[in-house]
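In what follows, chain A forms one complex with chain B and a second complex with chain C.
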Partner chain A sequence: MSASLEILLLDDEPIVGKRLKPALAKIGCEVEVFQDPIAAVARIKQKSFDIVVTDIRMDEMDGMQVLEIVREQSPRTKVIMITGYAMIALAREAMEKGAFDFIAKPFKPDDLRKVIAKAAEALGSKVDFSAANDNN
Partner chain B sequence: MARDATSLSEPRDGQNGNIQNIYDRMEIIGEARRALLARKRFNVKTQIFIANAIVFALALGVAAVLIASIYRIQRRIEFLEFANELTIEIQQARRYEKNFFLYRTNLDDALENIHAAQEVFITNAESFASLLGYSQQQTVLRQLEGYTDRLEELQEIQRKSPSKLFDAVFMGNIESQLREKGKDIITMAQGLMGKEKVELTRTLQRSIAIHMLSLVVLLVVLIINAYLLGTRIATVLTRFSSYAQRIAAGDFTPITPRRHYRDEFTELALAINEMIKELANREAALIQTHKMRAIGTLTAGVAHELNNPMNNIMLTAHMLMEENAALSEEERMSMLKDVADETTRAKHIIGNLLDFARESAATIQTLELEKLLRDTIRLAENQVRMSGIKIELQVTQSLPAIHGDGQKLQQVFLNLILNAVDASTKGSKIQVIALPYEKAPDHVAIKVVDYGHGIPRHVISSIFDPFFTTKAKGHGTGLGLSVSQGIIAKHGGKILVNSEEGSGSIFTVVLPVTTFPKTIHTF
Partner chain C sequence: MPIIIISSEDPAVEEQIAARTAKAVGFQTLGPEVLPAIAAKHAIPEPKLAESLGRTATPWWRRQAKGRQLSLACVEAEVLDRLAPDNIVCWGLGAHLYVLGISHALKARLLPDPARQIEALAGQRGVSPQKAGKLLEGARLKRAQWAQAAFGQNEMDPSMYDLIINLGQIDPDEAVGTLTTAVGYRKFQPMTYSISSLADLALAAKVKAKLLRTMNDIRVQARDGKVVVTSKALQRERRKKTAAIKSLAGEVPGVNYVEVHLINYVIRAAAESFR
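What follows is the complex of A and B.
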């Protein structure tokens, strides 16, 4: 298995991508950041990512649709949903549609890293978690 | 004393935004009460009493006139009897007189009769003095006396020198004299009778005329009474039913004096004013309740929306902590700026809701419609976004400003927008359009258009009724449209609805632009 985990991160909040890209790079992930779901979906159709992290509520297309497209395109890809509108019904819907996990905003970078490590494990890959807090 | 309704409802403070709170409303109702009670009292009961008294007085007058008339008739009949008696006695006397000249019978009987006639005349003359007249009375007496004297003279001759009775010349002379006198008094007596008959007939006719006339006058008086009383009561009842209608429509202006006097209806007006006070208070409470509910709905959206800036802050802060040493000064500043910006964003998200939630006294201001609608849409934005719906605002340029209570109007528009959100399906849009109202000058129309499920035809007439809702139990109070309509009515406007099942609804709020809302103080 190649050392880096390939991740697509989709959130219409630019700061999310700006902060998470280096945070995930630190644990050996290769992250492509998107703010526009249409562009992200186009990329998903080109390439099979290991993990897709998507916000649920976005203007052009919502995370549920992205989830469905990913499941269709690449069944092995783990999809992690993040949202500020954390409601049980929404979480259940996401899980039923085959999401790997569901994270409610606000979350810490470590919260996502842990979920990603879990997903990597499920994928049979390994994440170097220790790298994250090297600098501290 | 009687004041025009408008003088009380006009805003008393012409300066910018005159505040009219609950105490003002109580003050206005107190003022109406004082004005209502300041007038002189003139009860309906009093009017009925006066009317009856007038009719009674009239009847009394008529009765007196009729009694007098009957009395006069009675007198005439008595006089006729007297004239008749007089005639009979005189005729009798003349019959004896005739016998004397034919058979030379004695004149005692004739004299007896003529004395009786004289006595009848003298005894009655006094009581009929008014009918007979003094000169006529004297004439009659003289004639009777003349006749009697002749008879007595003849009797004297018969007793003392009966031979003279056979002196043809002498007798012929005396006979013609006597006949002459006799005929005169008969004519006189018959004349009296005839004249009296005419008089009696005339008196009877006059009596009939009086009867008729008094009936007519009585009828007219009764009609006037009925008209005055009926008009008085009917006018007031009509006015009160119009009050009831306007109160039902949400206009809580107190009833103010319209007449120059007060009566039983004044008590009713006072009671209605009390009721208006209660209704106004309750409506204010209802509006507040509904607003709290809207705030509740919005709060859920705000709470969720807040998670976005909070997440940004959290991620940034954690990355700062993790990478502090590795970051350049520039990178650190950029990240701190992100934190500051996101905090401001969070403040704005809450700020709108706080502004709306803040309980303020009803303030009438000049409002810029575009800003008002933009603020309202911002308030509902989270709800709209959460439902996956787009909202568009179109405002015709240089739309005239309106007057009103911004917070209350915002409540109305928010309600319409949230309803539209509920009716819409994911992915559809809502349009908010402000434009001049085409059907009336000096009015603007604000349309909230959705492309949702629409309103079924059979319920459209009841959507403004309080407690009517099509939403599931626990999801709607059924107060929104009812409260909204109340608020808009107080601004002198109306809400119209146009809906087609399956293709959406248009709610149009029509508001006047230049005029001050007439009854705004009753909030």
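What follows is the complex of A and C.
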């Protein structure tokens, strides 16, 4: 694993990537943002990320399929699901398929940073929260 | 780790399987032994709390009885608070009826062995097995009415549960084994969403318990410190009631925003117009 966490962030809403990329960069993560799940999957097949953060409901391919592909390609990668349509059945399905965590939208960037920190710990890495002293 | 919620029409079965499951998985149990502490904290006599959770039917005209609603809200708030640390097996507190939509709560319904139930009751009351069967059927019906009246839930609906175990066919050891295996499934592991959903339920219950001290007809939803309260009011009471709800709800730790939705008190308004 490289020194900084490598994260792929996939959400078809451009505002999500725009908002979260700098929030994660603040804690030393290298973030690649995608809005198109097909392009994201192509990238996942090229490179093994430490963490994949993916929306669930997207037009071309849903987040559950992305989760399955990541688990196939890179079992060590932690997958964090984010969705505005959180429901018990979906949450359980995601966990059953191997998601590391599941977050309901809307959430604060700091909520995601905390989950990233947990994922980093599970990967044997650490996240420096000292730079992220605000909620943005 | 998850929460296990065990329910049954027979409290002895609930207690026995809860204790054995907790021991097998190394969890704590949470049961009716917390009622004295809840009673003391909320200054409600313990028998009233026990009755509100009880096995007696609540007629429809008493559904909104303030005391009963308040007792239930206090129990609900305290139980939800105590479930937050997880690794708990909960029984006997009606949690299967208000811990809703929490993915790391495994809900199990235990169906008691009817032959054993009839035999025990017939011996206890000195009645025939036929009479004991009828008494059990009556108690079952009353229990269903209570669940409906207290929480608007049909506890006989199998879709409420993740697991239903018939103790007439599966012995207690096997039931405990099934529960301990199921609780290990990844789908029941806590996640950010389920943990925050449980915190939201707990906050809503605390606000409801607070408001029911002085008001009736209160429904509360919470999300991340934001609280939506729905109630009823006459047109002329709206402003005053909104302010009172905002003030009281705002006193609950963890609440940072309160929205109030008041529905017109149609029946009261009609009654007043005829005076």
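Basically, the second predicted complex is superposed on the first by the 131 of 136 C-alpha atoms of A that agree within 3 Å, B and C clash if a C-alpha of one lies under 4 Å from a C-alpha of the other, contacts with A are read in each partner's own complex, and residues count from 1 in each chain.
Convention: a contact is a pair of C-beta atoms (placed from the backbone, for glycine too) under 8 Å apart; a residue touches a chain by one contact, two chains touch by 3 or more.
These figures come from a predicted structure and were not determined experimentally.
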First (chain B), second (chain C), both or neither touched by A:96: second
Touched partner set for A:115, first chain B, second chain C, both or neither: second
Touched partner set for A:86, first chain B, second chain C, both or neither: both
Which of chain B and chain C A:60 touches, first, second, both or neither: neither
Most chain A residues touched (candidates chain B, chain C): B
Which superposed partner A:68 touches (first chain B, second chain C, both, neither): neither
Contacts of A:104 with chain B and chain C, given as first, second, both or neither: both
Where chain A meets both chain C and chain B, residue numbers: 86, 104
Contacting residues of chain A [partner chain B, same complex]: 13, 15-16, 18-20, 22-23, 57, 59, 62, 84-86, 104-110, 132-133, 135-136
For the chain A and chain C complex, residues of the former touching the latter: 86-88, 91-93, 95-96, 98-99, 101-104, 111, 114-115
Partner chain A, residues of chain C touching it in the complex: 101-103, 185-189, 191-194, 196-197
In the complex, chain B residues that touch chain A: 304-308, 310-316, 318-319, 321-326, 335, 338, 342, 385-386, 388
